[in-house]
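In the two assemblies presented below, subunit A is common to both, partnered first by subunit B and then by subunit C.
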Partner chain A sequence: MNNNSAKAGFLRIIVTMLLSLGIGALFIIGIGENPIDAYMALFKGAFKGKLRFGTTLAGFTPLLLSSVAFAVAAKAGAFNVGLEGQIFLGGIASAYIGINWTFLPKPVLLIVCFLGGALVGAAWGFIPAALKAYYNVSEVCSTILMNTVALYITSYLVSGPMSAGTANAQSHPVTVNLYQFMKPSSANVGIFIALALVLLVLFMLYKTTWGYKIRTVGTNPDHADYVGIDSKKVFIGSMMISGALCGIAGCIEVLGVHGYFLNNFAAGLGGNGMLASLIVKNNVAGAPFMAFFLSVLKAGAMGMQQSTGVPKALVDTITAVFIIIATMETLIQFKEKAKKKDKKEA
Partner chain B sequence: MSEYVVTMSNIVKTFGHVQAVRHGEFTLKKGEIHSLIGENGAGKSTMMKLLYGMYPINSGEIVIKGKKMDHLDPKTAIEHGVGMVHQEFMLVEELTVLENIILGFEPTKGMKIDFDAARKEVQKYIDQYDMEVQLDKKISQISVGEAQRVEIIKTLMRGADVIILDEPTAVLTPQEAKRLFEILKNLREDGKSLVFISHKLDEIMDISDRVSVMRQGQYMGTVNVEDTSPLDLTKRMIGREVFLNIDKAYGKAGETILEVKDVWVSSNKETSKIRGMSLHVKEGEIVGIAGIDGNGQSELIEAITGIRKVEKGSVILKGKDITNLTPKKVRDAGLAHVPEDRNKRGLNRTMSIVDNLVAVQLDEEPFSKNMMITKANQDVYAEEMVKQFDIRPTDYNLPTSALSGGNAQKVVVAREVNMKKPLLIASQPTRGVDVGAIEIIRNTLEKAKKEGAGVLLVSAELEEIISLSDRIVVIHEGKITGELLASEANEENLGLLMMGGKESK
Partner chain C sequence: MGAIFENLDKIINVSLIYATFRSATPIIFAALCAAITQQANILNVGTEGIMLVGAFTAVAVSYFTGSWVAGVAAAMLAGVLIAMIIGIGHIKYGADNCAIGMGVNMLALALTKFCLNVIFGMNGSFSSPDIQPIPRIKLEFLKDVPIIGEIFCNWSIMEWVVIVLIFALQYLFYKTVWGLRLRAVGQFPVAAKTAGINVNKIKYQAVAFAGMIGGLAGAHLSLGYSTQFVENMTSNRGFMGVAAMYFGGANPVLTTVGCLLFGFADSVGARLQAYGIPSQFVLMMPYIVTIAVLAISMAIKISTTKKRQSSLN
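What follows is the complex of A and B.
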């Protein structure tokens, strides 16, 4: 991708953001509230004070990873709806290791927790990818189904064998934690790990032969096979990278935010991650910004509801408007293309 | 009004920097079949697309039925009775034949489509010209020949009396071609004027009244068919200067590089499309595979290169059995491959020229090191390739989708040939590219051969096969029908074998 189109893409995201906020404002006026007050409250709810800003960051971390995870899979042509399941299973693996493998010295244990989460996430990504590559089973269907399977596996574990015996379905606390630097919020160093991983993914995609192969398979699998790139293996590989990123997201949630495995903790992370990535057309560099925007909206919504009469469901409306505009924008692009084509032929 | 229904004079048409038609002349009389011939890229299809209004002309004049056409587009062309049957059919696979024919101007009765009226109307044409089609079958269920008849009926239904047929026989079996000719003759008797684009000389001699020749975008004259011969037409069509002067080195063939032994291969649609083919290629020779498109060439090449499964039989490359190995392993065993479809396989159109140039050797130094892409080295290489193969534009960071057909193909050829692999397979290497690129590509193949590579060449262009190959293998319906030395081959005997050797002259 050249610089210009990246810049234009970035500009488009900003314009879309403003537009959707503008339409949101109309809704707010419609229910008789002042949009400026509401947005100020939303902004404050997301950024004002250690607790609020920290909470925003803590919510941003897993979304960042899941959005990039989706984008990586998409780069190879895979539609990974299974983010959530991969997060759950990665999380439970990390929790298991963090609780039970106390024979390891703490720093090692921490690393092993991450590795375990990544590995299990990758394995959960491998299954639908292999089914798709070798048996042409739609990865969309299988990942959706596998999300439910993953949720039930973890639910069973934390209410049965791994249960802490509390009223909530949750595991015993893990013995290692990620440092929380904005107490009392649960923002933790996991965010830096996540950011580093995103940079690593970007580097991988555009500077290594792996990335080249992933991009080739995603844009023209026939060409890939012809030049000697095994499109099936690359497809599976990218799904595994995607799964690993999700697994790590789960690990950060368990070690950094909760300190134990909380049943159903990742609900919505998959969908939102997908959303963030899709809106920026699976641009790995753009997805983090989108993920941040969504987290801010989400984190600020509660504050907005509390200090103004605007219900927090408005945020969902804004998100929905956002999606509509983003898709319309592809429509506009399509029209422009058609026009250009006409011109060429005319 | 003159005796001509169509007059095109002093036509010039350029696409970017490529002059597709430098000087075009064409006239069409009422009730004649006028053939337009020339090699690929000679501008014959472009001339007719100009007449059909698909592109505007840069300069010149088009007169249809006495009326000078200033702004011609397909809609006005149709209104003036010009219809075109394209090389690739424009039919909706999932609709029935009848629905396809009336698509876009359905006769209506109230809010409903009046299928009965439509059927009657269509039936009229079917009876009149003896064009048997099954009106209620879906397009996906009928043969290519039948689909072509549907296209012809479509143009008639739209009131065409000037019908352009762009290489109509390229996709047909001999029987179907014969059938088509009957129909064309019926149409002529009825006073329709037909333009027949082809480069198959025997067909042209058989069906035309007059023949116009184009070469490199230039009009080379028109002759009555009684006053000419295939040999005469070839001379006019190819000229001496283009590639007949390729300095062919005979008899230096060395060890066998590729051996295909009794290979059976399925196509996407039918099992055992190729039934027991055997051939071999030696060092320093070009073996041409001649055949009508769709007789198993694609499947054979895909099977050799590891893209398609071999059902039965074996493929041996440099003494190594490569049957059903992955494309990567076949390449490692010594294959370079220019595929038939540069847009589908040959290139990744979204990626840059340099990315495409290194695609095959990406994992090797100097193009990458420890999995890191070494962009600087790739740039040096790309710069050299762009120069050597005259790829334009020269900015190798542009996506290949920005390239013209000829330049895009040069990227593919540059990538494949430069590796100097012992076996080079070139499938339709010059299809749809301009004359300049054709020359560069053909010379490159010849050079690869001189340097000791074994070259397997598949081409729909008989003259390309004849002028480049040392040996020619002819295939028909998945079987080899004959093998000739290039020195013994001519359009006649190859054509006969291509049709299965059944029909004799």
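What follows is the complex of A and C.
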């Protein structure tokens, strides 16, 4: 039964994917271009050659973490739109540590960078979570507004106290880096750290008491309270885990991709992570695959824009259509039922 | 810091009243858009997206037709279309409010970017002298009256419209049959259904109406507040509107009070910038104020309901 529903879910995602690519094709035809050429260019742009594939992988890493971060919060019933702010602040924290705490030996410094990023990300996740748990403040509202606050805080820091004095607002280079294994692209070992973390989160969610508590609170907080689980604490905890994952994503971006803190570097990362998770209905195991699909779309978009006349904003349109169709729970279900009927009749 | 206290009279003076109202107006429109659907118990996270599409449509139509009226009308229509995605998705296909709302916001952002590329061949922003802005109403007879003249003599039409709209909605929600039905649908749909109200019909009407107001919000932003379209020009005003709606419990007048608070933070911040406060702090102020106000108002609400419950026992 469980296997069947997983199959149906998978099928639904494929149908949704094709549907949104089809709607995208209509847009491409609408502006007088050939959709097949455009999609081919998109595919090539994401995979052809070491640089392009490496860029896709580098873009995949933070998306992987942010999508799983969104899913973890969602498992406890939180709608964490604040991924982006948590990435920004996690990034700036690890940049600060990476630049200034040079008294530490390098391996220790690297670990401290990750811890610092995770801690600050978690703290930024704690604020809206506590406001929601104790004062019932909509976390959708507070997190999205806090994204802007986080952006301005980091923007102030890298153009003021932490500025490297360059034309672009950015910090001094950090003294520790993550090894880039596919030069000249910026794909780095952060991807393995991210994958390991995702496995850890999966284990935590489905094999530990904590994970059980999170899932119980997400399904029915009243029931959780009744059986003696402090639903408020668990809710806050899951948001903090979510924030920590985002903080680590920011840390990987700073140490692995850029080597310094670049102003506004995470624009769109949070939103896309959320998309990836929402499309698979916050399934932690499914989110990484969707994150990969989205990062292929994103990475290929540039190639498509360069070799055809299709602007890369089209890709954002496709992903937005994707999510809208995916959220309509009963839309595709209806079609599945119709298919089953057809089978029976045949 | 000293400079701020020395120039306090330049920061807080009569012109601040209009400045506050001016920067609050787009948020008031957004909050009213969110309030209408909230009365039917649909959290309108897509306000931001509805506004953005409205803003783009208004600029595009005003540019091509040379008529701001056509621009505003088209923006309202576009707002309804976008809102209907939320309506149909949520009411007919059981989509989660937050999820589909965020989806619509992303769609609006991408679609306006895409159209900006394709229609105008521009990246980032579009402005042109051919865009016909919404005119301002100059009340010449008030010009020489002290204080009142300074506050009222040069408002955009939309700023008068929003005032009418606030009270019209207040009347609509609490004094008309439709308003009663709307609130019944929002508070207890089963009872509403038993009373013979077509629940889904009312919900669709609320969403369409909210789309109109959201489109109007966007049109005001791109044709009244400024005369241009900029990518993501709503810059979370839609969410501030939703926050204000929470603050006011979807009551139009109370919601407006919340919006004015945010507008106040915005315009005081803009003035402080001249006295050496880093621009980033100034820019983040309305967002922080929004969160703080929301948190405090929700905390007060919870404690009053607790008190009420304890006196019942």
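Throughout what follows, the second predicted complex is superposed on the first by the 326 of 346 C-alpha atoms of A that agree within 3 Å, B and C clash if a C-alpha of one lies under 4 Å from a C-alpha of the other, contacts with A are read in each partner's own complex, and residues count from 1 in each chain.
Criterion: a contact is a pair of C-beta atoms (placed from the backbone, for glycine too) under 8 Å apart; a residue touches a chain by one contact, two chains touch by 3 or more.
Everything numeric here is computed off the predicted structure, so don't read it as measured data.
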Clash-or-fit label for the pair subunit B, subunit C on subunit A: clash
Which superposed partner A:L314 touches (first subunit B, second subunit C, both, neither): second
Subunit B versus subunit C, judged by how many residues of subunit A each one touches: C
Touched partner set for A:W210, first subunit B, second subunit C, both or neither: first
Which of subunit B and subunit C A:Y135 touches, first, second, both or neither: second
Touched partner set for A:P161, first subunit B, second subunit C, both or neither: neither
Overlap of the subunit B and subunit C footprints on subunit A, listed as residue numbers: none
Partner subunit A, residues of subunit C touching it in the complex: 43, 45, 85, 89, 92-96, 98-100, 102-104, 106-107, 109-111, 113-114, 116-118, 235-236, 239-240, 242-243, 246, 278, 280-281, 283-284, 287-288, 290-291, 294-295, 298-299, 302
Of subunit B, residues touching subunit A in the complex: 54-56, 305, 307, 326-328, 331-332, 337, 339, 344-351, 355, 359-360, 362-363, 368, 371-373, 397
Residue ranges of subunit A in contact with subunit B within the complex: 2, 207-213, 215-216, 219-220, 222-230, 345-346
Subunit C-touching residues of subunit A, taken from the complex the two chains share: 27, 31, 79, 81, 131, 135-138, 140-142, 144-146, 148-149, 152-153, 155-156, 159-160, 271, 274-275, 278, 311, 313-317, 319-321, 323-324, 327-331
